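Here the chain labels run A, B and C in written order, and each chain numbers its own residues starting at 1.
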Amino acid sequence: MPSAAPTQLWLVVALICGPIIFGLLAWLAQSERTRNILVITATCLTALAGVALAVQGPFMLQAGPGTGHLGDLLEAVMVAVVLGIGYKQKIWPVFAMGIVQAGLVVFEHLGKGAESANPTFILDSLSTILVLIISIVGSVIVVYGIGYMHVHEHHAPPTTASTGRFFFFLTGFLGLMNGLVLTDSLKWLAIFWEGTTLCSFFLIGHDRTPEARRNAARALIINVFGGMSLGFGVALAQHEGGNGSISNMVQSAALLPLVLVVLATFTKSAQMPFQSWLLGAMVAPTPVSALLHSSTMVKAGSYLLLRLAPGFVGTNLATVIALSGAFTFAVTSAIAISQSNAKKVLAYSTIANLGLIVACAGIGTPMAYSAALVILVYHAISKALLFLCVGTIEQQIGSRDIDDMSGIMLKMPYTTTIAAVGMVSMMLPPFGMLVGKWMAIASSGHAPIVLLLLVIGSALTIFFWAKWLGRIITTAYHDHYTVENLPFSMKGALSLLVLMVIAGGAMTGVIYRNYLSPLAKVTMSGSPLANDSSVLLKSVDEFMGWPLITIIVVVAGVVLMALLGLRNSHTRLPFLCGENTPSGTRTFVFRSLMDQPVTAHVSSFYFAPWFGEIGITKWANPVAVLILLTLFVRIGLI
Amino acid sequence: MNKLTLAIGAVVLAPFIGGLIQGFDRVLTARMQGRKGPPLLQPFYDILKLLRKERVVVNSQQILYAYMHLAMMVLALFMLFMGQDALMLLFILAFSTLSLVLGGMSVRSPYSRIGAQREIMMMVAYEPILILMVIGMYLVNGNFRLQAVFEAERPLLLSMPLLFLAYLTVVMIKFQKSPFDLATSHHAHQEIVKGLTLEFAGPCLGVIEIAHCYEVAFFLGLVGLFWLSNFWIAAVLMGGVFVLSLLLDNLCARLTTIWMFRFMWSVALGLALTNIVWLYWH
Amino acid sequence: MKDKVRFDKSPWVVHFNCNSCNGCDIELLACLSPLYDLERFGIVHVGNPKHADVLVVTGSVNYRNARVLKNVYDQMPHPKVVVAMGVCAATGGVFRECYNVLGGVEKVVPVDVFVPGCPSRPEAMMDGILQAAAKLDEKRRNPDVPVAVSTDTVVRLPAPEAARPALPADTASALATPMEKIA
């Protein structure tokens, strides 16, 4: 890997520090106009720097002298902030874990003397993918936030923190995430890791309502726990003779540090039993949920797991990780069926897809790894789009209940069409999500239990998406819904994302062949099943040829034909046994006894007794804990 | 090239075969009930008539969904004969059914909505079994491509007898036969009128009927996949499954969705899983 | 090719009971039984007007159901025919003089075939439906001209209009407006 040119150095600096500095300026800005300009500058800078860096190709960057001490300083600051929050807000578990972390830092420095290694930054294929997701999708979400927060400010509870602060954390998040995926030194990874945790804490608690505070505290507890686990993992890796880089950790045979870090990735990517913080995160304004769920935060966990995957492939650990991911996938897909809250459905779907990524990382064949990459990329785009759509719809109709979204197709055609495209992209060919799921199932043929869980989860996934999609495209709506009127930034962000979804869907084959599949083949060449996997991969490669193009052509052709067929068709009222009322042309109103109008209500199927959140979580969480404990059993610790 | 000709031939012939099967279905059902029944070609008369009728819709999206349903069904059949990846085939099939479901959901008719939701339930109920069947094929042949099944010498039925039984329930669902004719049905309209297809009229309904011809041909064809090495045994297998489905249709009452879901995810899924586990042991 | 399609090969029937005593309805259902087996002519009894070619009406039309009858008729796609089954559907029958009865089906929708009888015999019903189906082709070429012919000598008495109250306003407007306009 070539070492970095000066331009690349500056691009890295721009990617990490740029958003943070501009975010800080935006916080300090007096007028909304200045703030918006600064935020847009920050996002443009991030997006451009990300693309420029990706274009220039891989490199390795050894940071200059003195940065090692900066790392020590930052580490201390992070611990201090955690301690401060824990103490001030009386979140005692966080305070306790903060003390443990402080002890760890002190111990480490005493043990090793004053010497601290300078950080290394590397850009390989995996980090390129992540940088692109963060800097493009993340930036689009921030731009959306400008229009969204303008409205939100007027409706928000009086306790809300300032919008400037909100944007600081939002853009700062991007910078920290960029750092997280670019660094190769474990210590800096832990710093960025802690930084994203703190950012998410402030963002979730933005409205400062009791609920927001509670959920923010929960997110902090779980993620600081993960951070602590990461800290121990890092310390142990150093102790066992590692040189403090991630690549070294992957190569070393020591499993205990690996398990600790894997545990940290589970908390960050909200795997069961740690899922509750991500569900609580939806009290925050929509751009936050979009950011946490799609391009940042949860993707930090999946990224690190994928980074470490070659380290545990073929070991006992891998089976447990695969099982744990598949279990999360099946269970959360089931719970999503019973939810009527749109954001909650999205949240459970996020957790499910992250579970799929984890399962793929655990299976560890080249095919599974490329499946994980495909899901990672396409999920980021589609989920960002869906969250932004739900946020828009919620602002317009004042509800996030799925049943209330009936018929918005007629009142908000723009947003609804985009949302429909987003939902279709989550479950149908030729979009990447389905390709990913397909490859995941195909590559799990050797692990029967994982396979069964994936199969069940995949069937359940169709259920909740189809149900919801059917609800929004229907043509019966409440009378008080008004025609949408979106500010430019929201409209622009939605359009950009939907274009990315469609272009990504059309180019699934190209992206898979040129970028994802080669990466997976190289990374996972050590897998014991690599040979079997190559047979399957051939099948996928072939599908990426003419069959995929055929699907795209057929879909396009049908859309065209339907448009043509529309010309000579006549519209009639639906059949309501002859009792339609002229006034109720847009709802299920029919005439009943004494000619009085009666409105029929058709609810979606939820199956709450079967798939209810509380009922399932009650037994699923202990099971998930048990699976995680077997991680430690497997390496002989218990 | 030969494969391509075969696939195109199949796509052209399938609606005729499917239509004939359905005609035969109606005659046989009538005979079972002591009636004379319609002419054998009745499904073709029906479809031709429907295509000539006025194009009546409730909303403009409907046409899209009807066409998409048919197009994806045709594509699925085409890919079956091209020996493509079986798992992907299932997803395309799901796309087809889902288009119909969306068509049913897009109209503001309570009957149609209920029918559509039941159809989703049915999809969720049979999808795992189909996927497990494909996994079974993979375990037997070491490849997800149907080409491997075509080339295998040992009949699949010998390795996957229980999966075959589980698949029969899927056939019953896809043929819209009792006790699974929940979403839309030819026989009973007391409950949800015509359910899913209620608001499709004229040519749109015709398109859906054609798609159903493809569906019937496709799923009966999959039965033949279980014994490909000998044409006659495959034919007997398909005929047997067909008559059995009619017999059950006339014997059973329509049951509830919950019952169906329980049955499919316990008995049928259990059978499929047992077979899969058995395949692992070998 | 265009004219080769035989609509009479598959007439799908929707049955609407206006105000009937159920006599005709039971006879119509008897047609579906093995003894008569309507399906041998390709006739299917569908539950909804969207799929139907033939509208079979039994019973007389009254103020309340006139609107419903019109609605059902309007929802059928062209070409479509109407069969008035039994004497009530033809003229109002024994209910003709009732205060709430408008008269026969013809008052609301154009009738193509009248089948007499109280109730009509199943044989007559089948004959009526098949005769109506034979008109479908003609109707497709010429959808705007309703053809009303009776098969038998049905005495169509004018209903005593003068003694009746006026139609309720919304019923009258519903009858006047074709369904396409509302949608």
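Assume a contact is a pair of C-beta atoms (placed from the backbone, for glycine too) under 8 Å apart; a residue touches a chain by one contact, two chains touch by 3 or more.
Only a predicted model underlies this, so the values are computations on that prediction, with no experimental measurement involved.
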> Between chain pairs B-C and A-B, which one is joined by a greater number of C-beta pairs in contact?
Replying inline: A-B
> Which chain is most remote from subunit A in terms of Cα centres?
Replying inline: C
> Roughly how many whole angstrom separate the Cα centroids of subunit A and subunit C?
Replying inline: 60
> If you average the CA atoms of subunit A and of subunit B, how far apart do the two points sit, in angstrom?
Replying inline: 36
>> I need the residues of subunit B touching at least two other chains; which ones are they?
In response: 54-56, 58, 193, 198-199, 201
> Residues of subunit A that touch two or more other chains: which are they?
Replying inline: 570-573, 575
> What are the residue numbers in subunit C that touch two or more other chains?
Replying inline: 48, 50, 75, 183
> Which residues of subunit C touch subunit B in their complex?
Replying inline: 5-7, 9-10, 12, 34, 37, 39-42, 44, 46-48, 50-51, 53, 75, 77-79, 140, 143, 183
> Which residues, counting only subunit A, touch subunit B once they are in their complex?
Replying inline: 407, 427-429, 434, 438, 441-442, 445, 448, 451-452, 455-456, 458-460, 462-463, 466-467, 469-471, 473-476, 532, 535-536, 539-540, 542-543, 547, 550-551, 554-555, 557-559, 561-562, 565-566, 568-576, 586-588, 600, 602, 604-605
> Considering the complex alone, what residue numbers of subunit A touch subunit C?
Replying inline: 570-573, 575, 577-580, 582, 585, 595
> Within the complex, which stretch of subunit B touches subunit C?
Replying inline: 26, 30, 33-39, 42, 45-46, 48-49, 52-56, 58, 186, 189-190, 193-194, 198-202, 205
> Any idea which subunit C residues touch subunit A in the complex?
Replying inline: 16, 48-50, 64, 67-69, 71-72, 74-75, 170, 174, 179-180, 182-183
